[in-house]
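Okay, so chain A shows up in both of these, paired with chain B first and chain C after.
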Partner chain A sequence: MTVIKDVSDLESADNSQRSSQLEGTGRFFGRLGEFWRGFKKNPASVIGLILLAAVVVMIIIGPLIYQLDPFDIVSAPFTPPDENFRLGTDYVGRDILAGVLSGGRASLSVGLFAALITAAIGLTVGSLSGFFGGWIDTLLMKVTEFFQVLPTLLFAMVLVTIFGPTWVTVTVSIGLASWMNVARLTRAEFMRLREFDFVRSAVAAGASSARLMMVTILPNALPPIVVAAAFDISFAILLEGSLSFLGLGDPNRMSWGLIIGQNKNYALRAWWTVVFPGAAIFLSVLSVCLMSDGLNDALNPRRERRF
Partner chain B sequence: MIFFRHLAVRLGNSILLLLAVIVLNFILIHSAPGDPAEVIAGEMGGATIEIIEEIRSRYGLDRPLWTQVVIYVRQIAGGDLGYSYYFNQPVSSLILRRIPPTLLLMIFSLASAAIIGVVLGVISSYAPHSVPSHLITFFSLAGYAAPVFWTGLMLMLLFGRFCPIFPVSGMFDIVAGHHGFAYVWDVLRHLALPSLTLILLNAAQFSRLSRASMLESLSTDYVRTARAKGLNERRVFLVHALRNALMPVVTMAGLQFGPLLGGAVVVETVFNWPGLGRLVFDSILRRDYPVLLGILFISAMMVILANIVTDALYRLIDPRVRGGPK
Partner chain C sequence: MVLAVENLFIHGPSSSGPVAVVESLTLALPAATTLALVGESGCGKTITALSIMGLLPPGFFITSGSVKLGGEELTFLSKTELRQRRGKSMAMIFQEPMTALNPVMTVGRQITEVLLTHRVCPPSQARDKAIALLGQVGLKEPEKRFSSYPHEFSGGMRQRVMCVMAICANPQLIIADEPTTALDATVQAQILELLRELQSQSGAAILLITHNLLAASILADRLTVLYAGSVMETGPTAAVLNSPAHPYTRGLLGSQPRLRLGRDALCGIPPTLAAISGQVPPPGRRPLGCAFFSRCPQALKDCRDNRPHPVSKGPEHQAACFR
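So, the complex of A and B:
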């Protein structure tokens, strides 16, 4: 006989009954539906998702339709936007529209993969630290504290300068410079969950440390971490922008930050060279933020929103 | 007494952190592609063999690795950050000369951002679902999402093209050569746009934090007590709730120091502000590693210092944490 302590137990009992009725794909769609109900609570998150989808479609399909090499000189320098060059040309006469369309690939892919690296390092450090405690925790938190002392942008910048600006070094540098928040968050979640009864019973059943961490605790710790990682994508996009603005992006790939960095001294003469690529970064970051807020509503209904 | 003991522990901890930064710099020099001596010389347009040899002997590069670490740490700890062959002067004096303009920009922006942010946050916590509150939320989201160099350029376009009341480049008018009060006024006018850029970025975060913190503070028992004993709403709001809500803001101001430094570096390159940022930009172009590593070291030092100051401030303001280490 089950003892019902509060309403959430009632709900979960109800849910488990419902989900046992659904099988396979039906169960998956049931969960997806539940997720979507949480996500769409705030219209801003839905707008963010649509905006993000639009940006992603634009940078994937855009260069296929508008086949102009962003490095090709196609017109006189500083041609204002007209019917041939919709967004004008830059200081050497390269098409801005082509740059904005293909520049997004570098910015967004670096953002996504850097956030994945951030999550991987942060999860590893945080879970070891929070699970084992003791000297392991002390040591790993000292390491985390050390990395927090280095200003993120400056550290990433030094790494890229020393190891050379390529897509890989830029991505890894951003990941290495910004995993600390995820680590702290993961550590806190692991410490909190470690004391729960379901973990204690797994310990009593003789589960190994690895099993406890990966199977028992991790799935329960994930929701807030997923939200933080999604938010980190926006941070990584901004960081990539700053690096390529300073001339530290991969020189063989067009990137939004690079266009702005190369044209910054002519901004007053040719506003279109800086306004459009910057707006692209702004909209991407904005949409990722709004979307991660929606994730938060869907995954952690009781936690407060970031914005 | 406990306060000072705590301070001593913090100082010891900080020295360890700084040693770790020096060791990190050492590792970076040695893991860079190419000969460490050439890395230290930087790509200064072909280092002569004499210079390379001198570096090799000065840093003990032909000795065992652990001896090299000791030599390197001793050198940096003694204040010798190396020599910039491109700028042809010691790195330490190069950096020290660039710090005041950056600090001026940072402190002015941080203070203004904190004040503006707290005011906005308090307004928006007063009626969390009103139109102004939503506007402030949108403003803080936009402030975060706009890349700082773009915000700077947009302000430059706005003020440069349509409303030229502020200069868009440099720190003072070289031609006019002002003195005394006119000089201060000139610097302040040049400061306007770079600091406005950083304020837009940071006020957003302060307003978000102080809004959340105010909402939390307003739901506590002591606020309910204050209301129950019949204090007027303004006093409850501004004295009882706000004072406690300010604590996280102080912490935040300290934590913002590192990110703000990164932001300042970028903004300085936009507005030609003659601080660390310009130096960073030039050193990246010349692959001047000693300068870059020196800046990394100095900025880590400034972050540590900012943390100590924040911590001490926090302990002085909040009686609950004055009791010593947890």
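So, the complex of A and C:
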């Protein structure tokens, strides 16, 4: 911890360090380095990132190496883990390892895209609401509150039941059921930033409302929203697991929740059928949560400026 | 006449309904000249500036009067038309250079934004134009500065960037709201010098809003002293400062700190500052007569109930006082 004696110290330290990383792409990597310095301050988030990377590599490369159709019946039901079937088989004799490896693709892709939908809806509603205020704000916030009082899982279940269980409907349903937090956060950030001097000076320079929202305010509002959206990935993974568990996932795609749901009645007789997919869900949700914390440290503008 | 404000009334919100914030304000500002609007905080200086820009905060309205920019009546314009004028034919420099620049955007990008918004030059030339302007306001290594972020700049440098953003579309009118208040004394003089230089190059009219009479005396051709929303005195800078005709102007001058050198300093005579007792009456509780009545050391009986009208005190020099 260094004590900064004088503001000029602070500025010159700032300037000399920046000017070394000024030119072109070096600048981009400089910013990336700054981001990484903030991120690695939180050891838990680094562990989360490593864990997430491991999970992602496993579900992308795993099915290519271990080429077994997760729906194929390959052995007797409830075969315990042995040298042929490392994680055992389920109640009809399908390989659990193949299920866990390819089931991750459904779980994580739904999680990622549902979070993107969440962010898109939340950013649009929140920025319009926070920027314009007045009746637009009142109307949009009433809509947000309406969605917020609906039980999330129940709402997603209703949507999936109506539109049929496919990968797309599951993703869209989860997105539609969970955009409210991002919207409220975006609204709060826009309301806060709207009063800043640099926004006023952009107004005085003739910027239009669209330009103010997209170019002036949004980049300043992004850091906390990115963190919230990252948390939403873990939430969406859990929600996808819940839907599949209840049999509302895409039946043509193996997913972690589906394996657990189908074997839940035999969990005490054949522990391996639920423990391994359960552990996969647990690890991916945990890794995303840990990583979001690190994002918060690295992106939060209110953090202490690092040199 | 670049800017002609006539008999302007602005009303603002209060708990007991709208109250007059600015009353019967008249300003005239020809090209290539500077008018300083001086007065204490809460006198309506900034509200006047914002009303000209069409940026009055919610609840504030121009209730009567006219604001003409280059002969065009601004109070009749729609929101979109006003937005197109902002930055293009009138620009504003703000008080706080530390917060008036977008922290996540390079300085160059912020300048090109303005250039492109008002189609000052084709996009392909925007970068060169911005770099040239950065050099013009006295920043060293303008190419490097172009791709720097605001936090890499000092306060004075940021105010120079604000000046670039104000002048880059060649506006007829530049409103500078306390442009030097937040700066070091040495930098203040540089920024005032820069403003004067830019004015002599572009011929823009400058409306300088300040409570710093020294800054006003350096830059302004004419002074208008505002108190509680009304004009107390107006005239050529030298005339107003050398022979102030209004007790309020005299009070302002008397409360201006001065360096004492030579014999007085050696004798150890403590500097005396003549404070004006009391406070500016808030809008809605202003006296019926002269706005300055409650604090005036020379108030007459008449001053309480009758509002004095501007009286000529010299060539182009007027003061609203019965004495």
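The rule is simple: the second predicted complex is superposed on the first by the 281 of 307 C-alpha atoms of A that agree within 3 Å, B and C clash if a C-alpha of one lies under 4 Å from a C-alpha of the other, contacts with A are read in each partner's own complex, and residues count from 1 in each chain.
As a convention for this text, a contact is a pair of C-beta atoms (placed from the backbone, for glycine too) under 8 Å apart; a residue touches a chain by one contact, two chains touch by 3 or more.
Being a predicted model, the structure only gives us computed values, none of them experimental.
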item: When chain B and chain C are modelled together on chain A, clash or fit; value: fit
item: Which of chain B and chain C A:A207 touches, first, second, both or neither; value: second
item: Chain B versus chain C as contact partner of A:W167, first or second or both or neither; value: neither
item: Partner chain(s) touched by A:Y66 [first = chain B, second = chain C, both, neither]; value: neither
item: Included angle at chain A between vectors to chain C and chain B, based on C-alpha centres and rounded to the nearest 10 degrees; value: 100
item: A:F78 touches, of chain B and chain C: first, second, both or neither?; value: neither
item: Chain B versus chain C as contact partner of A:P151, first or second or both or neither; value: first
item: First, second, both or neither for A:Y91, with chain B first and chain C second; value: neither
item: Partner contacting more residues of chain A (chain B vs chain C); value: B
item: Touching partner for A:F132 - first (chain B), second (chain C), both, neither; value: neither
item: Chain B versus chain C as contact partner of A:W36, first or second or both or neither; value: neither
item: Contacts of A:F245 with chain B and chain C, given as first, second, both or neither; value: first
item: Superposition-derived minimum Cα distance between chain C and chain B (Å); value: 17
item: Chain B/chain C common contact set on chain A; value: none
item: Chain A residues within the chain B interface of the complex; value: 145-146, 148-155, 157-159, 161-164, 234, 238, 241-242, 245-248, 257, 260-261, 264, 267-268, 271, 274-275, 278, 281-282, 285-286, 289-290, 304, 306-307
item: Chain A partner contacts - residues on chain C that touch it in the complex; value: 53, 55, 83-88, 91-92, 94, 96, 99-105, 113-114, 117-118, 144, 147-149, 151-152, 154, 162, 165
item: Footprint of chain C on chain A - complex, ascending; value: 11, 14-15, 18-19, 22, 27, 196-198, 200-208, 211, 215-216, 219-220, 301
item: Contact footprint of chain A on chain B as seen in their complex; value: 17, 20-21, 24, 28, 31-33, 39, 137, 140-142, 144-150, 153-154, 156-157, 160-161, 168, 208, 212, 258-259, 261-263, 265-266, 269-270, 280-281, 284-285, 287, 289, 292-293, 295-296, 299-300, 303-304, 307
